[in-house]
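Have a look at the structure that comes next, please.
Naming follows writing order (A, B, C and D), and every chain is counted from residue 1.
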Amino acid sequence: MKIGFIGLGNMGSGMARNLIGAGHTLTVYNRTRSRAEPLAALGASIAETASEAATGVEVLITMLADDRAVEEIVFGPGSVLHSLPVDAIHVSMSTISVSLSQRLAEAHREKRQAYIAAPVFGRPEAATAAKLFVVAAGAAAHLARCRPLFEAIGQKTFVIGEEAPMANVIKIAGNFMITTVIESLAESFALVRKYGIDPNTFLEVLTGSLFPAPIYQTYGNLIARDNFATEHVGFKLPLGFKDNRLVLAAAEQVAAPMPMASLIHDRFVAALAQGLSEADWSAIARVSYRNAGL
Amino acid sequence: MKIGFIGLGNMGSGMARNLIGAGHTLTVYNRTRSRAEPLAALGASIAETASEAATGVEVLITMLADDRAVEEIVFGPGSVLHSLPVDAIHVSMSTISVSLSQRLAEAHREKRQAYIAAPVFGRPEAATAAKLFVVAAGAAAHLARCRPLFEAIGQKTFVIGEEAPMANVIKIAGNFMITTVIESLAESFALVRKYGIDPNTFLEVLTGSLFPAPIYQTYGNLIARDNFATEHVGFKLPLGFKDNRLVLAAAEQVAAPMPMASLIHDRFVAALAQGLSEADWSAIARVSYRNAGL
Amino acid sequence: MKIGFIGLGNMGSGMARNLIGAGHTLTVYNRTRSRAEPLAALGASIAETASEAATGVEVLITMLADDRAVEEIVFGPGSVLHSLPVDAIHVSMSTISVSLSQRLAEAHREKRQAYIAAPVFGRPEAATAAKLFVVAAGAAAHLARCRPLFEAIGQKTFVIGEEAPMANVIKIAGNFMITTVIESLAESFALVRKYGIDPNTFLEVLTGSLFPAPIYQTYGNLIARDNFATEHVGFKLPLGFKDNRLVLAAAEQVAAPMPMASLIHDRFVAALAQGLSEADWSAIARVSYRNAGL
Amino acid sequence: MKIGFIGLGNMGSGMARNLIGAGHTLTVYNRTRSRAEPLAALGASIAETASEAATGVEVLITMLADDRAVEEIVFGPGSVLHSLPVDAIHVSMSTISVSLSQRLAEAHREKRQAYIAAPVFGRPEAATAAKLFVVAAGAAAHLARCRPLFEAIGQKTFVIGEEAPMANVIKIAGNFMITTVIESLAESFALVRKYGIDPNTFLEVLTGSLFPAPIYQTYGNLIARDNFATEHVGFKLPLGFKDNRLVLAAAEQVAAPMPMASLIHDRFVAALAQGLSEADWSAIARVSYRNAGL
């Protein structure tokens, strides 16, 4: 398939690579051009502008950092909205707000272009290994056409329904679930540590009994180690904060109070006040630790 | 082994049955005598008093509802403290406070009796099926002697260390983790429902990707169904409230703030104000639903 | 003084009237022209556009509903930024975000216009009665020139300093304090009501002892009455929600966690889910009442 | 009147002194006898036991630190319950739980003794200056008999009704209101400080406009100073924590969720983890400051 791919960050690079590996023809675009070059070496064309990356393609994939980046690409000057062919599909894989996804759906409808929201779960390692989980929503026919692409980058695709922005709701709600795991581990580890118990002992009980999920293992290890400054950073704290803002905004839009999300909001603010803006988002655990005198 | 067993509720009955099945000799005691009779049919002796159940045994197991029940049995008039032989082991499996476990440790030390704390994870079905998870702490030699008993009732035993009350800390912290799962599911289900998404769709994404743990499946189903009145009640709401009080008390004892536990405290209070005292503890989800207008 | 006045809502109308009463010459502008006519009857000129209202004046006062309204007037097409004379003073009295106030300060500096932030405390009755409290910040010389205007509309002026946006910080923080009074009254009234005590009895103790402040009397009465639907609405719930968003945004900007503001955020969301969007903002008390089964 | 007075702490000493000054005959008792001697110098008799202090009196006043102290005096060995004459009145002025007050009401009824709950608002200075606020409940005839005593120690008496424990509800709810003032000042001061604004500037705006209540002045000064270690301690942090526990317990008893009280609970725990157990209870503000990086 002839694919335009915009956004070659930690996640996008791995995904684009896997699409090339699956035999697709990619035209890639990234604001910082140097990140595109390794893909050119694998056969991708490099577009000079976002608009160019959308020209003449069957599918345009965007994998960008946040709402602002997507708005700039789609609605800004030299917008892809004007270069994307009629009937081509824009597959938005970024973690963006529900309201932006709603605006995208409408804008593409007006231009008689197709729109799918297909955000993903997984950290950069999973993107590289084609092990992402894809959460997709849009018209059934469009989803069917994109299915091979999802299979090239992920281990599993969940189809949510016809209304694209609902995939974004699911993605945002899923990220919220992850932050609640982080916060609950932080609070319970603070508790056991104050009793002199190694948090790894507690973590082994959890993951060896009722919580045998990788998410508990991954974050449990990071939080037990309590060394956020020098650790490998999978997902930066300000990005996690952004995602928490997304869930609060989505919740506000439909009037669903989410006190746990509010609590976690305060954790992110406190973590930033403690200078943790370069740490992994699991570093919000430091707030629980510190408030417990640890 | 010659075992005294006190407390034949939903959990204790299954456990006692499995101990008999494994070939041990049981003297059982329950305040309401009728609950002891089915075990007599399997070969257990019925004691008329708690004290009698502790007389002449190698191991005394207690599996009671709360601190007050344990205090009555151990420190009350005709206490087992006086009838339990020197060097016999009291295995306390109830979910009790850390401070009561500390008092028990001390009281048994004075009487030259052994003391192990070995609370369990698992609902009544798991007790019946000998699939509990046992979290045990105490002197290594005593733990070794009790190992066959733990194997008769559970699928796995976690050894926490020499200090018995630390097993209670782990148990209480583990229950806290479960309530955070309940609350996070409740809040995110309220969100997706307000967007018109079936919570089961969201649950499938969770359990099919990052959260493949039975705890998410079990509570996810209950909370998605949103029918707490007539459902099978595994663990009553007031007992869950009690456990949350235990974690707040344990946290207060060592000065570890746990805002999620405080939030959940408020959920339990609101659920009781809505008349949900007979419902499963997952019914605290009704508070999130109701506050979202669902 | 020759004054342009933009924004003739419940607050602005009373303020403009008092300025005319104090002998100033006003050119007024309001999006809905009909609201300007009563002022014309008192001698004000009606401008056809915002830009016209700013032309040739010594002082331009804006009293608008929110950030968006102010942005439109100041930065939108036909902006007052271009018509306001050099050295004239823009006195921004609206409750707006700190960051918008910072942008306004910068924009006016570039145009060599003066800028003062002077938000007010007080409900519409106070605006009518010239009993507002004015919180002003900006260059001392500019404040001095505006002093007679503040005296015409308020009972007291607080000077915060040279940096205009700091007045907005104070205003936003003050509104936060009011919402905490509302929420604390709501929670304690729910408590006493559940004990069968008339909340007015409790309110009399409060205002007759340690809390003899009008704010407790005013909101105490509203919340004790618990009849938000048909009551006189002084300040609509969605506006209060907006103000709470302002404090959370201001707090996020400088990394100061404010858990009470987060809690109140959730109250506003829950109140909206219960259909209280037309009620006074004190109706967030209904959430506490309802959660207590009242 | 012939009065027994038990409890000569910071509060009780001043109250007893004022009763003597008003011409009443006092028999005083304090666990640490030395605190009774200054009163003997003023004409009080010193009782050797609590029981003796209750013998032959018309009114017995208790002003003790907490539930445990009151339970010991009233229900312990050599209890005043047995020495207090029939028809004599026990006036319980301590800040105790609603449930203990309910037990006291019942115990005295059985002994045909009268019982009034009359807790007070005010710090030790107010006790010395006879400026307390008395919140009294009980049978009208008994209240009438005690009226002169309340006038001797306070500036104002609020009569709540016939049911004594309701005065305790009011007292506990009032203390909750004070902690919400402390916490709201702490959060807003953290905010303004992060913007470089002196919190005293903000405090002047508050107390000079909508919040002209002594409580804001008193705690505002303490919190603005942010020097909790060396300040004069009016009310120790662990006592404030105890009072917050009382409101949570009272709220739980009638199923009224109070999320602000839960939030404040966490503040007290965090403050203790930071070693503030000797500070004034307003030192919970340090938690807000510290979480904001101040």
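Convention: contacts are C-beta pairs under 8 Å (C-beta built on N, C-alpha and C of every residue); 3 or more make two chains touch, one makes a residue touch a chain.
Quick caveat, the model's predicted, so the values are computed rather than measured.
Trainee: Turning chain B onto chain C with a C-alpha fit: angle in degrees, nearest 5?
Mentor: Nearest-5 rotation angle for the superposition: 180 degrees.
Trainee: From the centre of chain A, which other chain's Cα mean sits the farthest off?
Mentor: D
Trainee: Roughly how far is chain B from chain C, centre to centre by C-alpha average, rounded to an integer in Å?
Mentor: 53
Trainee: So, what's the distance in Å between the C-alpha centres of chain C and chain A?
Mentor: Comparing mean C-alpha positions, chain C is 38 Å from chain A.
Trainee: Let me have the rounded angstrom distance from the C-alpha centre of chain C over to the C-alpha centre of chain D, please.
Mentor: Centres of chain C and chain D (C-alpha means) sit 38 Å apart.
Trainee: By residue number and range, which residues of chain B touch two or more other chains?
Mentor: 251, 255-259, 263, 270, 273, 291-293
Trainee: Write out the stretch or stretches of chain A touching chain C in their complex.
Mentor: My answer: residues 248, 251-252, 255-259, 262-263, 265-267, 269-270, 272-273.
Trainee: Spell out the part of chain B that touches chain A in their complex, as residue ranges.
Mentor: Residue positions touching the partner: 98, 121, 133, 135, 156, 158, 160-161, 166, 169-170, 173-174, 176-178, 180-181, 183-185, 187-188, 190-192, 194-197, 201-202, 204-206, 208-216, 247, 250-251, 254-261, 263, 288, 291-293.
Trainee: Inside the complex, what are the residues of chain D that reach chain A?
Mentor: Its residues touching chain A are 259, 270, 273-275, 287, 290-293.
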